[in-house]
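Notes follow once the structure below has been shown.
Per-chain numbering from 1; labels A, B, C, D and E assigned in written order.
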Amino acid sequence: AAQQNSRIIVVSHGQANDPFWSVVKNGVAAAGQDMKVQVDYRAPETFDMVAMSQLIDAAVNQKPAGLIVSIPDASALGPSIQKAVAAGIPVISMNSGSDVSKKLGALLHVGQDEVVAGRIAGAKLKEMGGKVGLCVNQEVGNVSLDLRCKGFTEGFGGKVTVLPVTNDPADIRAKVKAAVAADASVDTILALGAGTAGEPSVAAVKEAGKTGAIRVATFDMSAGFLKSVAAGEAVFAIDQQQYLQGYLPVVFLANYAKYGLMPGGDVASGPNLITKEKAAQVVDLSAKGIR
Amino acid sequence: MQDERLRDVSLVTKIMRRPELGALAGLILVAIFFASTADASMFTLAGIMNILSPAAQLGILAIAAALLMIGGEFDLSIGSMVAFTGLIFGAFLTLNSWPLLLAIVATFAVAALLGGLNGQIVIRSRLPSFIVTLAFLFILRGLSLVGLKWATGGSTQMRGIGDQAGEGLIRELFSGVAFEGVFAWLAANDLIGKFPNGTPTVTGVPVSIVWFVGFALLATWILLRTRAGNWIFAAGGDPNAARNSGVPVDRVKTALFMLTAFAAALVAVLTVLDAGSTDARRGFQKEFEAIIAAVIGGCLLTGGYGSAIGAFFGAIIFGMVSIGLTYTRFDSDWFQVFLGAMLLLAVLFNNFIRRKVTGER
Amino acid sequence: MDDNRTLIEIRDLVKHFGSVIALSGVSLSVRRGEVMCLLGDNGAGKSTLIKTLAGVHKPTSGDFLVEGKPVSFASPRDALDAGIATVYQDLAMIPLMSVTRNFFMGREPVKGVWPFRRVDFDHCDEVTREEMHKIGIDVRDPHQAVGTLSGGERQCVAIARAVYFGAKVLILDEPTSALGVAQTSMVLKYIHQVRQKGLGVIFITHNVRHAYAVGDRFTVLNRGKTLGTYAKSDIQIDELQNLMAGGKELQAVSAELGGMV
Amino acid sequence: MDDNRTLIEIRDLVKHFGSVIALSGVSLSVRRGEVMCLLGDNGAGKSTLIKTLAGVHKPTSGDFLVEGKPVSFASPRDALDAGIATVYQDLAMIPLMSVTRNFFMGREPVKGVWPFRRVDFDHCDEVTREEMHKIGIDVRDPHQAVGTLSGGERQCVAIARAVYFGAKVLILDEPTSALGVAQTSMVLKYIHQVRQKGLGVIFITHNVRHAYAVGDRFTVLNRGKTLGTYAKSDIQIDELQNLMAGGKELQAVSAELGGMV
Amino acid sequence: MQDERLRDVSLVTKIMRRPELGALAGLILVAIFFASTADASMFTLAGIMNILSPAAQLGILAIAAALLMIGGEFDLSIGSMVAFTGLIFGAFLTLNSWPLLLAIVATFAVAALLGGLNGQIVIRSRLPSFIVTLAFLFILRGLSLVGLKWATGGSTQMRGIGDQAGEGLIRELFSGVAFEGVFAWLAANDLIGKFPNGTPTVTGVPVSIVWFVGFALLATWILLRTRAGNWIFAAGGDPNAARNSGVPVDRVKTALFMLTAFAAALVAVLTVLDAGSTDARRGFQKEFEAIIAAVIGGCLLTGGYGSAIGAFFGAIIFGMVSIGLTYTRFDSDWFQVFLGAMLLLAVLFNNFIRRKVTGER
């Protein structure tokens, strides 16, 4: 039972094989080691709010020392989170849900709202001269990705088309090529994942002979995309520093369990635009799944 | 009327020979595995309810899918149907502000209509249902997205449905927990666990579980005891032979497609009322999981053989494996490896036991 | 009651399967209390013809009258409802289903009131066992899957079923082909009984002795056409045999084997 | 060459299917140039027996010798390789495949050298058409799916195939049951020819005349046991008929129908 | 040997009756649809190559899946197999620093081994292949994730594989474009489009397309002309009848499972060399799309019927529909609705034409 008390469970909405979330998970694992606490990372197999609320219930049953959750849907997850609070488990929310975190009884929120990040990226791309944009979405219907597109549209101001694609690089490349061939006025592409959608988008623009004419940016980071940024084939990557979204809550909860310490306000982990100047430095960290 | 060419068989053999019960062996194996590796809280009352909740939602779909599979067809659109009927239901409540009962009835009606459409296309075109319902998988998923954006003015998530639904008897039939009195009494007498603040850890049986069990019993009764059940087996076993013997195969199949759509709508209503929201990804890949559960439960993909109780156990196995791993210490990166291995083991074991017991080659 | 009423009549029936012409103008009639034997070589079109009568196939052209009224069956269920029960050559059984369930398939007796209406399986088991016993087969277990029965046992289930549900016309497509001596006698006796009850029977067989034993009239098909219809009084057994073979030369073979065929 | 060499011998063969005892101790032998008729009531176990000989089922216990050597076939392919060709009662045909492809299934003749080795389908079509013609069936199109053939036509494909590939022993399970008069004669003639070539034949039938016409010895099965084996010289046709029916009382029925069965 | 009971049929009928060509009707319909609604750039040379590249990768899987389906089995693990063999291949190149040829051969060997394992489990357990390969779907997908993280020290993407592969003949067989000379000449003579800087818009045919076409031809030849082909049809049509006729059904099925795994490995090598990297989500749901393409191409899910050329056209239809919509002006939210509707229309049309032509009921 003593060992159980030092256990911290993370329940997120992102699958373990999602490049973005695997970095969060790495942060969780590193914090677990650093703080010498047992950490468990759980997520449903698809973007599934019903399954996620059940995972939170399962976590509550195990009476952990702390619970870390992402809250992409307050309606669906609220009751389960409130149940955890009622069971006396300290809860920290991360990534999404900054607006409802307090209301549901979480102690703190660590992360960056997707809409805000999208807005910042949109504004930046608008500033670079973009007029007609393409939002390459590799998982339409995943609310957090949809929100990124939404934020982008708001910040960008110009015309934005959502391009739904699959996870397959060949498919993404072909669709991006088709989209820029069909509409020659496209001058901006925002991909919603660096490794999945970003790299093939860069390749597609290159194959279409429009490198430079079309600005490509992406959410999150991958070593390949950062190299493109460094080479000037892409403009920037938006870094939420999601490693911290995994790392910090564990540290906070561990200290809370030990000493009852907890920061007084929410922590914003991003956004952070990685442009040509910074790209080269972070390539290696990205390849290791830290950024 | 005993025949000298019939060896005596034990009662165990007779029981295990029933397709209904084969999956039980797999379930027991999986339960033993978790009992020895997982956190003890998994098999507390709260833990079991926690396993049964996802199993119930999957199971309702799986039982309908099993009936349809026995009838010789597939429905790949049930996952999308959950999302679509969830949207419809949400729209009826929030946009039209219909009372709950009307919204539920209307949702079921729409589902039945869509199921009937699926069935009619399959029957009239004589195309494989796989491809027809696959088209509907895409169409309904796409319509859910379009509809959600239209209904919410651009978001893929519709919230606040729970508040619109109001309270009342109808609501209690489709959300929350049942038998609250019993559990309150149990908690008061310290027979089940309580939270520090005095409420029991389990306040009742989630209604979805009650629906699940009820639906399994009903489906079993239909399959084994009614005329419709005989027709389902016949339609799936050999549609030509069945037709030649006077079974109205087309009507049976259409009814089954309506049933799966109906089950999807039921799950949609249950989850939407439970979660209070719906989004474009609801029910994603549930068609797949439902077929898995039905097959674990012993249904033949080629039709004509299987059982509802098998699908019932199949859904519980699937639910137990997928929730159970979170109670163990395994790294979640290994989740899929374990899920696959456990499924394979469960099915192999159930197969092995059955063959041992019945003395099949 | 006019005992000689014509139950079924067809005129100039034609049936094509894509480019294959299976029937090219067949006429036939069956009366009450009569056994009409349908004879003919392999591939002559006998099964196609009776499947058309049973509502399985829709005729390409031609008339089909039941008790004088033109009909067009949309499905075998319609034919069953019109009182035509059929034993198909390929038996129309579901191998994975039990003997009882196959026996009553499509015609299950129910008991109880609606939401609780259910099939009376105890009664079904009993009837099945009884009817099979009558035909000379002891069913070990009426829940045994039909797929595990022997060829002859399966045939017996199909026959017993048709006889049990036959109302006006009984159509039997080579019912005796897989049967043992005892079962064959039983089936011929059945046919005889059924005729006496006033039903019409269409009996397809390749065994001239079986045909001659129970038949009243003989219609011979050849390559999708009617060769002719003969009353029993008009034709001798060896003439019939020759007609059945489509007039092929049998002498050589028969002689060699001592005329035992 | 010892013309009387025993080709196949089985002793005390037992076969259970779960709780069903299909064979409970059967002994039998087949010699070169001999037609051994296997007779018995429906469900007696004839098909189960020959499926065991053909490598489809593994016996539960008992000895099985081919040319004096004990064998244990792992699959029907082993039996085929040992020269045993079989016509199964359920025919072993693939309905969706063409006549030619079914005819040569498992034994396709190839031409060309390895990476380009291919089946000689022209030759196959020709052989199929020819063999079917010999048995009295004109195949309209050897690419027609077997599922669209009539029952008798299908039976002929199976028989022609077995005869064509038969090497030492030919097993025929009710080959004539679905055949017309002409085709039946043809098959009986075939059996006669095959015997003269020195092969052993196991012939299952319910028609006592067919059995008596070509059989040299008769083994009667009853409820999974051998009732006895009789040489043709030792038994009369009506005795045989009584044995085939498992000694059931046939008098009443036969009399009623004029002894035509 | 003309029979009077055979009506004359036209050549068109004879051709359309072949299962191979049914899907062609659907393809033509889809092409007409896009020709009239999509941007003209879709049917330029570059546009066509752009459609064919993803179609080729899907098609290689679809043809293998079609063969396996004709043989009466499914392989749901091919998508995960693409990810797993991609990882293996990447690891051989980057971690072991093996030469390209050795890495490719070793990758194929691993794939064949895994395929054989799939097959052996299916055959020995006599479980449906659906459930067995489903377990491998999860297991291989999970192993890919674990393996990637292990190999990269924490990332789900392995990169730099392209650089490790080096240049040379072997590389050219598996990546880049073929027939570059021809296209350069065509561009030089202004027969095809050029970029402003003078390079042709299409520098050659992507090798994956060449493999796709070659594989389709080979598979067709095997199915229609060889002994193995006859055995595949027989094994799928009725395994018992086939076994009774001496067809080594188990060997045929094992070989087919190895073939699908092999096709997955081929796609993995092609995509990894093409993209230069691999990640944990490669090949996601490709098993599903491969089965869709095979079914569009006329394969029966129950086995025993179908064709490789059908799957070939099926993959192109699927590719054209999914890429083609980006060339049109339709709101992308409607993407899935269109995808579903187009698939359904294509299959219905192809069915309609075939029935019309052959005079089936």
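Note that a residue touches a chain if its C-beta (ideal position, glycine included) is under 8 Å from a C-beta of that chain, and two chains touch if they have at least 3 such contacts.
Since the model is a prediction, treat every value here as computed from it, not as a measurement.
Q: State which chains count as neighbours of subunit B and simultaneously of subunit E.
A: Output, common partners of subunit B and subunit E: A, C, D.
Q: Measuring between Cα centroids, what's the chain most distant from subunit E?
A: For subunit E, the chain whose C-alpha mean is farthest off is C.
Q: Of all the other chains, whose mean CA position lies farthest from subunit D?
A: The most distant chain relative to subunit D turns out to be A.
Q: Could you please state the distance in Å, as a whole number, between where the Cα atoms of subunit A are centred and where those of subunit D are centred?
A: A distance of 71 Å separates the two centres.
Q: Centre to centre, by mean C-alpha position, how many angstrom separate subunit B and subunit C?
A: 44
Q: In angstrom, rounded to a whole number, how far apart do the mean CA points of subunit C and subunit E lie?
A: The mean C-alpha positions of subunit C and subunit E differ by 49 Å.
Q: Which residues of subunit A are in contact with two or more other chains?
A: Within subunit A, the residues that touch at least two other chains are 16, 140.
Q: Of all residues in subunit E, which are in touch with two or more distinct other chains?
A: Residues 5-6, 141, 145, 149, 333, 335-336.
Q: For subunit C, which residues are shared contacts with two or more other chains?
A: 20, 90, 140
Q: Could you list each pair of chains that touch, in label order?
A: All touching pairs, sorted by chain label, are A-B, A-E, B-C, B-D, B-E, C-D, C-E, D-E.
Q: Inside the complex, what are the residues of subunit D that reach subunit E?
A: Contact set of subunit D toward subunit E: 54, 56, 75-77, 80-81, 86, 88, 90-97, 101, 104-108, 110, 117-119, 121, 129, 138, 140-141.
Q: In the complex formed with subunit D, which residues of subunit B make contact?
A: 4-9, 13, 358-361
Q: Touching residues of subunit B toward subunit A in the complex: what are they?
A: Result: residues 39, 41-42, 44, 46-47, 50, 53-54, 57, 141, 144-145, 154-157, 159-162, 195-197, 199, 201, 271, 274-277, 279-282, 284-285, 322-323, 326-327, 329, 331-333, 335-336 of subunit B touch subunit A.
Q: Under the stated contact criterion, what part of subunit C meets subunit E in this complex?
A: Against subunit E, the touching part of subunit C is residues 16, 18-22, 24, 58, 223-224.
Q: If we count contacts the way the header does, which residues on subunit D are in touch with subunit C in the complex?
A: Listed in rising order, the residues are 17, 20, 40-44, 47, 89-90, 136-137, 140, 144, 148-153, 155-156, 174, 177-186, 188-189, 192, 206-210, 212-214, 241, 244-246, 248, 250, 253-254, 256-258, 260-261.
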